[in-house]
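The same chain A turns up in both complexes below, where it pairs with chain B and then with chain C.
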Partner chain A sequence: MDTFLAALFSGTSRGAIYALVALGLVIVWRGAGVVNFAQMGQAMFSTYIASALIQNGNSYWVGFFVALFAGSILGALLDILIMRPLSNKKKTELLSSESMRAAVPVIASLGILGALQALAGIIWAAEERGFPAPAPQEGFSVASSIMPFTSFDLFVISIVAATLVMTTLFFKRTGVGLAMRATALNQEVARLSGIRTNFTRALSWAISGAASSLAGLLITPTSNLSPNTLDLVLIIGFTAAVVGGLDSPAGAVLGGFILGLVISFVTFYLSPEDVFISILGVLLVVLIVKPRGILGGKDARRV
Partner chain B sequence: MLEINSLTTSFGSVVALDGVSMSVQESKITTVIGANGAGKSTLLRTISGLEHPAKGSITWDGKSIIGWKPEDVVRAGIAHVPEGHAVISELSVEENINMGSLFRRRVNKKDVAAALEETYHLFPRLQERRKQLAGTLSGGERQMLAISRALVSRPKLLLLDEPSLGLAPLVVEQIIDCVNTLCRSTGLTVLLVEQNANTALGVADHGVLLALGKVVADRPAAELKADSSLRAAYLGY
Partner chain C sequence: MRDVSSSLKNPSIIRRSLRRTILFVLFILVLGSTFEPYNQAQLAVVLIYFIAVLSVTILTGISGQISLGQGALMAVGGYSTALLMTNYQLSLWLAVPASIVGAGIAGALLGIAAARLSGPYLAGTTLVIALAIPTIANRFMSVFKGDEGLSVDVGYPPAWFTKAFGEPTYEAWQLYVVLPFAAIALFFASNLLLSRTGRMWRSIRDHETAAALTGVNFSRQKIYAFIVASIFAGLSGALYGLRGLVGPSVYPVALSLTLLTAAVLGGIRSIAGAFIGTVIVVFLPDWIDLVLKNFKLSEQVSNFMPALISSLLLILTVVINPAGVAGARHRKH
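The block that comes next holds the complex of A and B.
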């Protein structure tokens, strides 16, 4: 029973982080039409900024909030300085086929990932360093018996839950949220309605940048920080987004939790070596049963 | 109030608009008619900034709007309802309408609410279905929704692209009636594109006949409607 609870809690807290990563990917995919492979490079970079601040004597929370802010600014800048010029219709007319044009931003995002990793290596040296957690990572103890979860797990789960609620309210209840959803769904109609789609697109990059930076801050205490540490998280987050449905923010969150739990239960009950094959298994089963993901493609469009 | 001069828009080697000159008078309904592929939609899309012309000028309220982004053209008072009931299926009816007034919600909150009420008054069926996803609406309701979205931006000029497309005659009449009433009661200026020439010329003040991207007739609507030889030559009936 203890093993079960431990797997459940650690899976939920891991899953919460993957949910953030997947959500970040889905927001940029829907809002800007790009699968952003640089996302966890951005997160790594802002986590390094937090780490540098904390090492220089600032409090954890200063590092934490500056990193989130830096993550959103970096996201918006990547869109404005690199992605927007690349999607300029006139300039890409040279590329004859539609598929080649669609590949441009993907290749660019891979290039950005490489550049960010190299830059982090140059600025902060490539060896691993630890990153602090704001809450203890030992088992929570209640009346002298040790619980199967840590205060840090609780911290992660509650901060991610709060973020997800806030994001949902933002998209559903605010005018800017509506403008972003409209842009994601039909750019032409959005523009004809007076929505500045350049702005909403940059904003989706910024929100995604903040969400993935939060994921970086929450995952590095358990995995150390180096320019490449978050590569694996990106792969799992991407799988989570595909499992849940790349078109669906709710699906991304669901996919994140599913993968977190699968990984945790496999690690606890089988062995860590079986993790990859089980992720692949989940991906294959979902893609065969529902090729567009669990919540993907459930639109009400009638033709 | 809208002046178009020798406007030319091409897609690669296809010249969709070939030196079009015409004007739209304030508080009047002007209709552009013509066969499939005549360039009617391209004309509206060029005015609203969705397509970029190779040559020519578009002057709105004394300002050239060539090269403006679509979002800036709407903000200047020209609302475009594109061909094919352009609504966003995955958003609710009310969200679709609200989309059109997002850009001015901070400037004039009260008027945004008033505009929503007015459209519901105009199309009560939309109010009954306000929480429903737009994708579940009928074709006629979707056209009403697309028009509502345009109206809440409080346009001075409404560009309507084939509102009758795929709708039953009764619904077409209802929608055209609404537009007509709006124009006559509020002074809204309308540029109506139609293939259904009789219906359009029936409500319009002025008619422009387009063929292969060129203006072949530009006259009062009643005159154009009476000219059976032009109709036979360009519209085939």
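The block that comes next holds the complex of A and C.
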């Protein structure tokens, strides 16, 4: 029973972070048609900024909010400087097929990831460093036994929940959110009805940058910070988005929690070595039943 | 028009591929004989990567299925060869072709699952495959020896070879072992791209429904493309392992991403592009080192400078010319 609770709680807390990463990927995928492999590179970079600020004597919260702000600026800049010029070339013959439209931005984002990691190495050196948590990481003690649930876990889950509610409200209730959903649906039509698609694209990169920076801030207290520590988080977040359906933000969140729980239960009940094989198993089962993820759309073809 | 109709009647296809292959082999032999041992080994790596990049060219560039997991199929080829060589004492000339069969079977299984998926869903699945397959080595320690891996190498040249050509350096021998496999791979890839099958796969890439309307069974053809690409990847992985070690660290996720990078850099739709991209990916760090030697940099900077420069070059190339180095003059397909 204790193992079960421990697996459940750590899975939920990790799952919340993966949900955030997946959500960031889905926002950029819908808003700009790019699977952004650089996303956790951006998060790593802004977490380093927070870490540098905190080490220079600022409070945790200064670092926290500056990192979120830096993450969103960096995301917007990457779109304006690199991805927008790239997407303007879509009319060339090579980019007219779907696979190339997906592959070329992936390569660009891998380049961005490499550049950000190298830059972080040059500025802050490659050694792992710790990153502070805003809440204690010891378990609550209830009736003289220590629960496998820390106040930091509570902090993670509540802040992720708040973020998810805010993003949902933003997309459903605000004019800009509506414009972004329209752009995701059909860029050409959105532009014809007066939406500045360049702006909404940059905005989706900015939002995703902030969301993934938040994920970086929340995961580094348990995993330490180095230029490469977040690579695996990106792969798991991407898998979560694929499991849930890349077209659906709710699916991304669902996928994040599913993966968090799968990883945690496999680690607790089997062995850490089985984690990736189990992820692959879950992914294959889901995609064989629903090739576009649990909450993804129908697989429609046009002639 | 004449050009098209003559390539449709196909006796010239084999001749063209053969001519390309012979020129390629001569080029590599001349280049290899002028190189220092270090660069000979690098050239062997180029040939090994070239085979794997060809698998990306066939799978992504020709049949339109994006894969971020060719490294996993390389691992299948590598482990099969290593197990055959260490457990059954097979010579590498038998073990490598046999392990290709293993990679082909793995590719068929993956292909059946992959044929249903498209775009980022396929990318995600193959990425997880690249992550998961090497961890099997730690699961079945007794067979795969875990992180330690299995050590295999190309051994020493046979007596007749040294008698005829003199004693080659170990690096040169590595190159000579890899070359015939690379030549065969090049010949097959060239035939495939010029043939009816190649055209069929391109039609699937450009428009699945339109291809189906012209009588192409696209699900089946996508699986075939996956199998062929897996065979190339398996061959490359087997040769990659023969550089000394077959283990999970030899086939990381980054390897799969490097292959895709090479393919896109050079031009993902052509064999020439695959080769150019591979040369860039393998030799670029050396070239950057050569340039950076002229500057006085602190260790922290010089450790990361090559990675930074090559990443920036990658971004620039993709933004300026997404069709890749060899892609610009590519009009016909």
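The definition used in the following text is that the second predicted complex is superposed on the first by the 280 of 303 C-alpha atoms of A that agree within 3 Å, B and C clash if a C-alpha of one lies under 4 Å from a C-alpha of the other, contacts with A are read in each partner's own complex, and residues count from 1 in each chain.
As a convention for this text, contacts are C-beta pairs under 8 Å (C-beta built on N, C-alpha and C of every residue); 3 or more make two chains touch, one makes a residue touch a chain.
Computed from a prediction, not measured in an experiment: that's the story for all the values here.
Novice: Quick one: classify A:I288 as touching chain B (first), chain C (second), both or neither.
Specialist: Only chain C; A:I288 stays clear of chain B.
Novice: Contact-wise, after the overlay, does A:A102 reach chain B, chain C, both or neither (first, second, both, neither)?
Specialist: Second partner only.
Novice: Which chain, chain B or chain C, is in touch with more residues of chain A?
Specialist: Here the partner covering more residues of chain A is C.
Novice: Report for A:G194: first if it touches chain B alone, second if chain C alone, otherwise both or neither.
Specialist: first
Novice: Name the contact category of A:A118: first (chain B only), second (chain C only), both, or neither.
Specialist: A:A118 sits against chain C, while chain B stays out of touch.
Novice: Can A:L86 be said to touch chain B (first), chain C (second), both, or neither?
Specialist: second
Novice: Could you tell me which stretches of chain A are touched by chain B in one complex and by chain C in the other?
Specialist: Overlap of chain B and chain C footprints on chain A: residues 301-302.
Novice: Going by the contact rule set out above, which residues of chain B touch chain A in the complex?
Specialist: Per the touch definition, chain B meets chain A at residues 48, 50, 69-71, 74-75, 79-80, 82, 86-91, 95, 98-100, 102-105, 133-136, 149-150, 153.
Novice: Of all residues in chain A, which touch chain B in the complex?
Specialist: Touching chain B from chain A are residues 175, 178-179, 181-182, 185-186, 188-197, 299-302.
Novice: Quick check: in the complex, which residue numbers of chain A touch chain C?
Specialist: 29, 35, 82, 85-86, 89, 92-100, 102-104, 106-108, 110-115, 117-119, 121-122, 125-126, 231, 235, 238-239, 241-242, 246, 273-277, 279-280, 283-284, 287-288, 291-293, 301-303
Novice: Along chain C, where are the residues that touch chain A in the complex?
Specialist: 60, 64-66, 68, 113, 116-121, 123-125, 127-129, 131-132, 135-136, 138-139, 205-210, 213, 253, 257, 260-261, 264-265, 268-269, 300-301, 303-305, 307-308, 310-312, 314-315, 318-319, 322-323, 327
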